[in-house]
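One structure below.
Letters A, B, C and D mark the chains as written, and numbering starts fresh at 1 in each.
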């Protein structure tokens, strides 16, 4: 499957684990099936929500192989390759190439306090190292530097990147990248926001890579289709419904950190929906307590979100 | 060499590279010799300034082996093992064990927005995975979460960590850890500040892991000895002299990011002193321009800091 | 003029000064006329962009009287009363009452590091002190605390505030307040963003209090009318044109601070359009240099924005 | 009383209020007496901890007159004049002049996002407006911009300011100002840190303007005298004891904001010590609950800090 212009609903799938920390291959296959059955346009594996940066190289390879095999070419697969330094990200790219992924997604290198010069250097080195399309991933809440709109535009116009995923929450920056790349037919601006996805598409965004798509892919596929059809009123109504689901990310706060609380809740919800078997996180990320899981369960019930499958035998 | 109580001057040595990105083993050996000849008490390799988190596992192993062999047991070697997730940090610990390091140094896991609960989980899992002494490394400018004083004290009292390196710049936190661990004879509080090292030792700190020690280890050894002798006035004078060297970290700003500008200047200064051969950085970290290197050279000359060795043939 | 439901285009007008620091009453009257002629729905004076918090009480009274007299009841006048403490804000409210303003607008008290408890206390005390409608002004870039969505909803439901102006740039918070006050017919959610005003209205916002409305009120009135008519495509096109004007706020950076650079450019543009006589700012806010003013002039010319009046004789 | 070189212990006294919000003149007089009896070198009124920026001009005048009369020239009085804009700060200076204060203390103008250019403009305009010595007050936690070390040095060398109070917690900046003004005999660098006051004096600081000096002026006078005598070991021991008192600032968190929690606890402690009558704060700042006051009381008892006076009849 080749990627032409990246668009549509592309859930950044979580990485299910067994309680002992091994990748839960069976759950991962079921999650892939759940997503494709819901009509998503592509899948993004080993992203932030997929705990990609936390995993050892070996675990990452198991995830890539499992996803590639479960997808079977039905939709494009985007693989996260974000890491501290360029050389390490290139090692991750090699594994993505080996498993036939369709594109790679990288944040700027993180940990150091990089500026725009380092961001340009990083993406150019990655693009030179691979023939796969490269997508920039702007998530300053984790990387602690924002990909400037001019930086993104430069990388887009020179052909270094084919798309940007914007999880910055910076309302002006998102629009600025759309403006500055309006002349590029095949460049995509993707939002990472599941709370104003409708407004992002209204403003000219091409697609959604949204964490809550793990739990309710049908809901985001519906929202996207309303937008494509120009049914903005329905899109907005659908967004309002989807927003309510975000409450689940608050139940473990402030006991654990915000990222554990968010992805932990996503996994708990997927267990509740019988999509994956365990809500285990990769250390040091932590899981929800039983009481917190019950709160997630109650929120989902209140929103009418039911198990997607029969309980596993 | 066993580590009893960690104290003294422990430079976090940079990692010299060839211009093509390979580890420059010869320069690294010369840097080790330069440090030991200056009378340092231990060496810290693969720390932040050592670009440890940026390096591939293979490069890291080359560094560990080179340092271990060059040190030859004359002083303890501390190895940085900081990484995004616990499992990856444990892989780094295995390599440190294999090369006979004396202790391992870890920041909290980074990238995710971790809280104190994740910090506790991370250090406890690391300590359980190794018999080597574990040192916590508090550097919120890179990790974006601070190890709380209570968290540090908890880890110290339960025996999870034997020391903390405080590069937080948080004046109250540093003192709080000293207060809260005053009952532990063998626990060390080490400052990462090369700009108020005298004040840190005055307040009860046990040692210095300071980046500028790369360039002028003799200066910091002298400062430390003044403090141990209670010659506080001389210590303060010495600190004032050492502070002036910090100007070199400003010459490349804002052209490149702050970390490239700092470590790039350290490497440029070590080239100037004929200790290492090249000032190459690990991508995406960037090096100084010729004009910036000249500025570094001028600053060093103004401070009377001369080459430590004859130019290599 | 009574305020029923606040909606539409409400420029936060700047406060023109003579070069010696006195309020330039004549320029202020011309600015009011310029705005009303353009069809704005109300005017907001002594807001942040109006340098309200910088002015002495005497200067504030001159501004209030001038605006009230120049408006002559044709549109509602909203008066900014933001200050460090509650008692001082109440003094400002008294002056607003004395000049017949239609509503008062207050940020949370600032300077101290207040939390939601202090925000609730402040707005409740202000509302109790006046019969004028009270509008909350959420601008964490200046106040350094965000009015939480739940706090805003609480204040709205208990009748403390009749509207909120959201200049936070927090995409989720803006939408959350809309959701949480959807049951209140007469509560208004106003955006302070001139860069995604279309998206704010698309999401259910009721109006615009946008700084660039000073310079091009006709442009924002047109954008608002497209939105009300459901012509979302035209609204988006109009927004794209208006966004380009934002470049003027960059020309003085980083020579002076961001706020001087922004409001200084607004005033320079209004001088260029022959609406006000001088671009003087209230100390310590600084003005643009001649070269920077020329850059503003060039940007406006490039966008086809021409003088609105003949040059004053 | 003229100020030559500012040095020593200078508590930033709180402003006692009656429960209805009026200034509690009698308590303020007793607080002044308590401080002077303890041997402090000067008093700072209407600072941040004195809630100066929160007060109306009328309340500020009452405070100034009360303090001036109660001090009666026995020690210098420093008056806070910090405000949003230069013109407003100058109004505050006039009141300080009228009541015979010995020096004025100003933060940079706040609320707007000022840079170093605005800071220079502000202090120069203030100095030009008065013959009183001007002290810069660096408190970025409230003002949200730091007075750069170079900016401070420029203002010091040109004679605009006679001292700086550093409440920034920036370890490098404090030392940098000391280095950069070492050639100025009469310039003072004062720390605002009550948690490492010993280290600040060790590094060359000239004095202490520390909030906890309200509660235990004797303790800080003792600490200062140890430092002046070069008894660094005793100074450090004394500091350790004083640090323990800081716990009282945590008891109301996170129920109320950090500033309410801190100054509220200071006032509660002064009530406990029978120095002032009420712990009322200026709205929107909030007071401690009875349970929280009990916690303050328990902490003080545990530290052996007893009432300074018999209970008022």
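Here is the rule we use: a contact is a pair of C-beta atoms (placed from the backbone, for glycine too) under 8 Å apart; a residue touches a chain by one contact, two chains touch by 3 or more.
Treat the numbers as computed from the prediction; the structure is a model and nothing was measured.
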Relative to chain D, the most remote chain by C-alpha centroid is chain A
Distance between the centres, which are taken as Cα means, of chain C and chain A, whole angstrom | 37
Chain A and chain D, separation of their C-alpha mean positions in angstrom | 50
Note the residues in chain D that touch 2 or more other chains, in rising order.
-> none
Pairs of chains that touch, anyone?
-> A-B, A-C, B-D, C-D
Chain D-facing residues of chain C, complex = 21, 48, 51, 53-57, 59, 83-88, 91, 108-115, 117-119, 121-122, 125, 141-145, 254-260, 282-286
In their shared complex, chain A is touched by residues of chain C numbered 169-172, 175-176, 179, 193, 195-196, 198-199, 202-204, 232, 236, 240, 243
